């Protein structure tokens, strides 16, 4: 990425004061910036930094009036934070979609189709009867099983594994090591103490605008006519476990190391903390919030509940009880003293 | 898969009533089924669904007597649930073992042998002196280190990594991202605050009929003459951690995100809930049950114990204590009131 | 590995008594050893085993005086345990660095350089502008993104994924499935309930002598001029989650399944138990110890604190409270009885 400060000002609808022709090749925070980088000043608390920054340009508010001499060029805009975010997004889009073409030593099976703007990295594997949309980026070592379907503008980072019959929507990002469609954990106990496999024959369906973090695993459904489902806009962090037949709604956010057991249905706009767990066969209402390490063992019917603890109870109830828990030895002593007094009275 | 209803009836030893020549290409639940699919009716509660199902065929009990007109063909058998399970298994076996042959751009080292019915996917890597049994399926991007041995009918899904000297039995399924034989976590603290590597030189031995879920990691043993061991018939879910020198018995079932620390020995037929953890150097008796998120810090000597909590205690004891925990603020208030009364009496 | 007992004695500066020319090809514990293997006797408790061992040689102390007839050759040294550890390390180094050269079907992009002693396994992928030091071992299916830098003597096991701009120091070991530099989990909630991506543009910097266990994930920093940082000598076990902008100091040891949330700074020489979690935006002092499954929600200012529980409190305070927790039903009953007495008195 190489732009002049003037070009960036045009992009942002801003006005330059200083060296408009200097070249910018990176974005940075105002304290870490060096020559060739652009930053922004939004919070007045950080104003002193603009007089010492090494940034070549700083985006400032239209009404910013310097109290000392500036050594950096400024670009005036309405809202410096939003303007900087726009730049970040432009840069991110540029980075994310710069790869294209088909590298040698990549594999594609019969009857599989890829749209325009495809990137197929070396050692990527596309099975048979696969349909892939436009502008999809398939990094090296990605595996796409037979009969899978992938929408437009989706990125599969190096080492993603899609089992057969997976369906992934548009604008999704699947990070390295993500596994979609592995067998669910279903075994029928036999009289001799062994377990018999319950065949897992279904698939996984991922909506649009879904983020799936590194090494997260989503199992396929049991039956071939059912699916494990992740709704539009849902964001899953790294190392999450989603068991067979789970349905997750829209715009639900789940932090790292969480686990949802089989057949549970999670609503829309829920927020789950890291290392939280939800038992199987539950229904969890929209906007439910689980604290970190919470273990939810019951369905949640009312929207917007905040839960904590293992097993999970109401968040504020937990904290009130935990406050007493910390003093249990004192409580125990006081009870003993009362008993002694009572005995002696 | 394409069979006529008549062919399926022969397979199940059942009797057709209706269109015996219609073609079936998929299995389904009675409520989700559509034309070309077969389902079953076992629980009388679901009988109403058979009058409205779109399934082309439904497996029913010999003594089923319809109370309304049927629009679907039926196959009568002794036990519809068992018959349907047989079909699921046939279908699953068909799917699981349909790949065969050696795809181009796969690697095999010197002195390595593979049995009949092998599938070696593109970009799979087999090191030197590896011995692989019959009918083994090695999906793309699988890595098999030097001197490893794999039994018959075992499936290694895309991206499995076996370090050198791994031994895997017959009829195992290792899902994508499984790691077998990585270094155990052993470091000796030095006087200057740094840590020195304790070399991890052993291997991992997996029995027969073992299931290992996606992204599960099993570390090798410390010494080259010892092994980390997973017994026959044991089922490990996704994202599980098994540390060095752990021994797990037969037919033990461990749910996702659980972790067993170094040198611990787990018995046969145990059942561990998700996100449970077991500390190092413990012995855990057969048939021990750990609830989800339980943290076991002591050996378990008696068979069949049910434990819960972190640190783990007896399950029912935990629940009785937790019931009081929820009311601790009330308990605390009542104690204060008694103290006040006592003082004033 | 094949050496005579005499050669091993020279290496260790020891003195042989017995068959000096016998060939040793493996190390073992004294109870498990068989012919061709070498073991050691350090703890006098195990002396009886030396009279029955099948080891071809046993390393003993200079002052060892057998009370029975020996059937094994002995090597006398000052400290048998240290001598055996030296052998283990030699063997480990031999095993770890025996691979070299470039296997066919490996990929390297333009402007990328590798040092002497490189191993580039089949199906490994090195992007553009990558700089790799001497004696680096890159196993099959490893992915190294553009502009990455790797120091000397570092081992990347099969299936490691480094996103672009990663920096890895000298003498590091990254196990299979490790992901370095995936996007941090940052999303801005919008008024319509959806989330907008906050672009994650930074990288990860790993110091020297760092161990990273299988399937551990370390996210990149948000800003391109900042980094997620893992300090020299730090050891991370398997399946750990390190979020964006986390900084971990030197010689900190973190056990499996732990998670550090975004922007948290962890000091030097900390020890975290398995499945522990640390919330975001905290500072954790040097030498902090977290028990297994602990959930730390507050910064730790004082060095050397030992914490336990979820949420974390002082370790011994937790255990005192937990001792009372186990008897809460009894406590509750006794309180009720006191109340009754009080009422009736």
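Letters are used for the chains, namely A, B and C, taken in the order the chains are written, and counting of residues starts over at 1 for each.
We take it that a residue touches a chain if its C-beta (ideal position, glycine included) is under 8 Å from a C-beta of that chain, and two chains touch if they have at least 3 such contacts.
Given the structure is predicted, the values throughout are model-derived calculations rather than measurements.
Undergrad: Chain contact topology under the given definition, line, ring, star, complete or other?
TA: Graph shape, chains as nodes and touching pairs as edges: complete.
Undergrad: Call it same or different for chain A and chain C: same when shared residue numbers make up over half of all numbers used at their interface.
TA: Copies use mostly different positions to touch.
Undergrad: Using Cα averages as centroids, what's the distance between chain A and chain C in whole Å?
TA: About 26 Å separates the centre of chain A from that of chain C.
Undergrad: What are the residue numbers in chain A that touch two or more other chains?
TA: 105, 123, 141, 159, 177, 215, 239, 257, 275, 293, 310, 325, 327, 331, 335, 338, 342, 345 - these are the residues of chain A that touch more than one other chain.
Undergrad: Can you list the residues on chain C that touch chain A in the complex?
TA: On the chain C side, the touching residues are 105, 107, 123, 125, 141, 143, 145, 159, 161, 163-164, 177, 179, 182-183, 185, 187, 193-195, 197-201, 215, 217, 219, 223-226, 239, 241, 243, 257, 259, 261, 275, 277, 279, 293, 295, 297, 310-311, 313, 317, 320-321, 323-325, 327, 331, 334-335, 338, 341-342, 345.
Undergrad: Please output the residues of chain B touching chain A within their complex, sorted ascending.
TA: Going by the criterion above, the answer is residues 26-29, 32-34, 37, 85, 88-89, 91-92, 95, 103-105, 121-123, 139-141, 157-159, 173, 175-177, 209, 211, 213-215, 233, 235, 237-239, 250-251, 253, 255-257, 268-269, 274-275, 292-293, 310, 322, 325-329, 331-332, 335, 338-339, 342, 345.
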